[in-house]
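There are structures below to look over.
Here subunit A shows up in two complexes: once beside subunit B, once beside subunit C.
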Partner chain A sequence: MEFIKPNTLKELLEIISTITGEKYYFAGGTDINIQIKKDIIRNGKIIFINHIKELNGIKEDENYILIGSTTTFRQIIESKLLNDKLPFFQKSLNNFASPLIQSQATIGGNIANGSPTADVVPLLLVLDGKLELISNSMNRTINLKDFFTGYKKFILKPDEIIKSIFIPQNAENGFDTFYEKIGSRKALSIAKIAVAGLKKVVNNEINEIKIAVGSLNEYPRRLDLIEDYLLNKDLKDIDFKKIRIILKEEITPITDLRSDKDYRFEVCLNLIKKFLLKPDSG
Partner chain B sequence: MKTVKKVDARRKLEGKAKFLDDYSYDGMIYGQFFCSNSHHGIIKKIIFPQEYDLSQFIIVSAKDIPGKNIVPEPECDQPFIAEKEVFHFGQIILGVAHPCKETLKDFIKNIKIEYKELPALADTKETLKDEMNSFGRKIIIDYSKNVKPKREWIHTHSVYYTPHQEQAYLEPQGMIAIHNQEQKTMFVKGTMQCPFFVKDAVEAIMGDKIKEAIIETSEGIGGAFGGKEDFPNIIAGIASLLSYKSKKPVKIVLDRSDDMKITTKRHPSRVEIDTYTDSKTHKIKKINIDYRLDAGAYQTLSPVVLSRGVLHSGGGYACEDVYIKGQLYKSNTPSNGAFRGFGAPQAFFAIESHIDKIAASLNLDPYEFRRMNIFRIGDEFPSTQKITENHLFDCFEKVIEKSDYHRKIKEFAKFNKSNDDKKGIGIAIAYHGGGYTGNGEKVLNSEVKIVIEKNGVVKVFVSNADMGQGAHTTLAQLVNETLSYPFEKTIVQIPNTSKTPNSGPTVASRTIYIVGNLLRKLALKIKKELQFENLEEFISNNQEYFPKEFRMHFVQDPSVIFNEETYQGIAYKDYSWVACVAEIYYHSVTYTIEPKRIWAVFDIGNVVNVKIAEGQAEGGIMQGVGYGLTEFFYKKGYGRMQGLTDYALPTSLDIPEINVEFIHTNSDFPKGLGEIPMHTPAPAIRNAFYNATGIFIDEIPLVPERIIKYELLKKK
Partner chain C sequence: MKVNFNLNNKKVSIDVDPMKRLLDILREDFGLLGTKEGCGEGECGACTVLMDGKPVTSCLVNACHLEGKTILTVEAIAKEPIGKLLIDCFDETNAVQCGFCFPGFLVSSYYFLISDGEQNLDKIKEALSGNICRCTGYQKIFESVMLACKKKQLYSHRFSLIHPVR
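Moving on, here comes the complex of A and B:
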């Protein structure tokens, strides 16, 4: 194992453009350290990025709120800007992990670790989050939705890193919001199921709907088919038997050490129902 | 009833207190274990990785043991190191030491082993179902009167299962061994509950290579809960062997995941109960209990856990016809061992669940049914021991009143009619016999020592460890309050087997009850012997008399007679009592039980330090809540949880409102407290869940994945 600490963003991008083998970015270290300890990471280069200024901090421009990839959950929870502009997003992360981990763990790390259970991803998916990817040769912005391609797999090129996360300024405006993470306890838990949702209901009719789930597929994703079914529907006309059938196509829960497939499915369905029938907080 | 600050609090808060891994010695090297990954097999071949220079490693196997390869235990059947055959995964096959921790870890990871695999039993339920798997002595308490069930008696039958539980002490297990060639001694320092057990173990494994093993605990012991009762024997034994072979101090500290994998856990149980209850008088007429524990691959101290479990399995109820059978079962898993409660939490989960089941079949409120059958003066335990006080009943009535039980029963019934989410309230009662079972304390023959120094320091010498429970504060209080002497000058010494007399192990809720009361007696004797008005003045006026040493042995009350064959007689001289009410909220969307409030009323006799006692009670209650709700340890087909990420101990956000009260505190002496808080939360929560949903679940933990199976069945 080799440890590298570039001094600037430029240096970082240059270094990674030359590395061919295995490499890992160390921001908060809350996942990397454990993977090293458990021998999941044995070789390769560990690159420290948590000190690089351009990657950290929360700002806004005319259209977006921009969160640097090494911004910690503590920064997010305490941000005044987020409290003003994206209170639902901020509040939903209050019980993320534990106070100790909140201070270390970063939003970019939570995404790029690639875990199906990543807490922040379902939230960002319903908020139509985008990622700014950066490399020595180019910059590009993609929808977070298009980032994942499989279990721990992304479209990131070998010389690319996530520079920041973009959330539209008005992402929460006028929406009825919903987020529930189900773990084995109230804090410091890994999600068995997570459901995030935004809806706009006018005269009992669903005008806009966004639902994303975590821990139920190879990576967190939007439930496009369910959204299609629900769009423009009258709340009274929702057939939950139909939703059950669609959901079977859209999520692939598994049985593992932490939970069971059936439990994950039923609770996901219950949470969607709870979200849809929840009185509009408006 | 005084509250003084814990003597260790400041040093621990400031990070100054030394725990085992903070100690280092000149030339010290590190040791670890190479363990089996087979449940059952004959070792064919061990292949060391070629890329390492083998001469740099100290390696010990069973062949290197100069003494006996048997760990001293109530049942001596477990080797320190496996010989030809392994009987469970995680069984130690080699001890390995090296100056560099990382190299050692990598080396061990790359050792290859080949087995001839043999049939194995790894699943708890499968093990406990089949009587073919039983081993060791069968314990029977025969209080049966051959009463024939009458037609109007209601028969209730159920089988209850409880799981493994991990002690999850903050500080993992560890030992440092230092062999002294000239003096032929082995000095061992470690995180442990029972220094004299470790002494026996080290002397057993080292045989005639040493004259004496000297065992000392580290300054701080980061929790134990029973987990550091007997497993330290094995670590100390192998550390000693490595130190003897390397001629260097050897430190072994287990990694959390190894600690979870190979050390002892709470015994899983299967308890089958048959009862007959008179439908008119609501009296339980006949009880039949089959109490089984999964001991793991060896018996070790399990016979003693079985004994306590059996003696507590009838619950706090009078019945004229009781038959209890208890037996250990053998599986190919690491030996289970001591854990707060020692067989009793399993017993109370079963009987307290069962009592609610009978009440339901009689259409009676669980409170009314308990009230009808609860122990009163003149009743008897199945062991024929007489009930001499109504303190259990007093705790019971008090907790019902405090929790506003009757109002809540009505209020929740109304709420539940019109809501998908449910509210529930449940009761459990329990007791715990203080000290060793039966004649155990007589055999232990504990001794304590007090030395009064010239400079006025009163030194207290006991072999009992302070592992965070506050024993060295409360024991000092019992001495200084009796002598009317300043607390700051009364100091309990760190246990060291060459300096402290053997006052027995730090187990069985006996530290204050047996050792503390003995110290108090000794202090009274000192007071009588020296005839002082003021001890400080007496010391400064009679300097020639000091330092002076005083000793005293425990003397068992002669009325305490227990027959180990028939299990008749006085099993424990004094019992602590508890009654508990739990209130829950059931989230129907997620099938999750949220504990809201827990009330517990205890009789532990005289309370030495209120804050410490409350801390013990609240901590034990949370350990009981985890046991009942979240602490899922083993999943068939997936194995054991490997760390504290998966093994869901409750966090501070999961703690309900807890209300603790001690009654009958004006008693003459303190009784046991350490274990009893563990007994009632799990059954009280399970009963509250029944109250909320009408679903009986006879197995814990009540994780939502288990609950949903019952809910889906109900829907069908």
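Moving on, here comes the complex of A and C:
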């Protein structure tokens, strides 16, 4: 294994535009360390990025809250700006992993690790998060929901990295929020099912609805078909039998060591029900 | 790779493999054996230390993370007034059985006392949720931290001169 430590972002981008073969970006290291220990990663290049200033920190501009990709979950949980602007996002991550892992693990790592269970992704999906991707030759911003293409697969080019995560300033404003993660225990558990949702209900009618799920597909995703069905519907007219049928098309839960597919399906449906019937608390 | 960092209030510098774990650096290069290896995967918290004042599992921190950082291990914390207070409280409530997990519990409890310190069971449970005890259970551990919070408030004048670790 070869270890590379670029000094600046510019140097990092130059290096990754030239190197070939397997490479691993190393920031918090909470997952890569384990993959090395378990011999899942044996060779390739380890590129250390944790110290690069341009990739870290939380700030805002007129339209967005910007979170650098190596920003740790502790920085997120303790951020005054997020407490002000995105309290639902911040509060939902309070139970992320454990207080010890929160100090090390990074938001970019949670996304780019590509796990279907990544805690932060369903939240960012309902908040219409965007990713700023950067390489030596270009800089582009994409919607997070277009980032994933399959299990641990992304549209990221070989010389591209995630620079920061953008969340619209008013992403939570006026929405009734919901986030629930089902795991075997509260701390340090990997989600069996996660559902995040935002809804705006006026006179009992759903004016806006966003639902995203984790651990139920090859990657976390928005439930577009269910959203279409629910939009402009009166809360009293929601037919949960219909939602069950649509959900069968939209999620593909699997049976693994953490849970089985029927359980995952039923619990997901129940969480959606809970979200929709939850009294509007703002 | 050469790294310079601050270990238990002393400037240190070592030449090590960039991927060497902080846990191994502490135990092998500095002979600080208080920090224990439990699971080695960040789940059990036996290897907890403070890095720049925040609790981390040292089995998931590598030499390359250390440049310019401040590390405080259980050895230094046990000598701090709040650390001593916690040890007394653990004693008083008989919270320790085999003791293997305790360096980690001490560091996490210490962080809770200096960063918050409210005598609130839910908060304490959350603060210690990254540490696992396999002997006896958590009730007495929670009780001792509750007691330490109470004593810290009662004798706050004694602790007023302590500056929290950076």
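Throughout what follows, the second predicted complex is superposed on the first by the 282 of 282 C-alpha atoms of A that agree within 3 Å, B and C clash if a C-alpha of one lies under 4 Å from a C-alpha of the other, contacts with A are read in each partner's own complex, and residues count from 1 in each chain.
Everything below uses one rule, namely that contacts are C-beta pairs under 8 Å (C-beta built on N, C-alpha and C of every residue); 3 or more make two chains touch, one makes a residue touch a chain.
Since the model is a prediction, treat every value here as computed from it, not as a measurement.
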{"item": "Contacts of A:Y263 with subunit B and subunit C, given as first, second, both or neither", "value": "first"}
{"item": "First, second, both or neither for A:S98, with subunit B first and subunit C second", "value": "both"}
{"item": "Which superposed partner A:L271 touches (first subunit B, second subunit C, both, neither)", "value": "first"}
{"item": "Partner chain(s) touched by A:D39 [first = subunit B, second = subunit C, both, neither]", "value": "first"}
{"item": "Touched partner set for A:K80, first subunit B, second subunit C, both or neither", "value": "neither"}
{"item": "Touching partner for A:K236 - first (subunit B), second (subunit C), both, neither", "value": "neither"}
{"item": "Partner chain(s) touched by A:L188 [first = subunit B, second = subunit C, both, neither]", "value": "both"}
{"item": "First, second, both or neither for A:F3, with subunit B first and subunit C second", "value": "second"}
{"item": "Shared subunit A contacts, counted only where both subunit B and subunit C touch the same residue", "value": "95, 98, 186-188"}
{"item": "Of subunit C, residues touching subunit A in the complex", "value": "1, 18-19, 21, 40-43, 45, 48, 51, 54-57, 59-62, 64-65, 67, 108, 111, 126-127, 129-131"}
{"item": "Touching residues on subunit A, where the partner in the complex is subunit C", "value": "1, 3, 5, 26, 28-30, 33-34, 36-37, 46, 48, 50-51, 74, 94-95, 97-101, 103-104, 186-188"}
{"item": "Complex contact set, residues of subunit A against subunit B", "value": "39, 95, 98, 180, 182, 184-190, 256-260, 262-263, 266-267, 270-271, 273-274"}
{"item": "Contact footprint of subunit A on subunit B as seen in their complex", "value": "109, 588-592, 630, 632, 635, 638-639, 641, 645-646, 648-654, 703-705, 708, 712"}
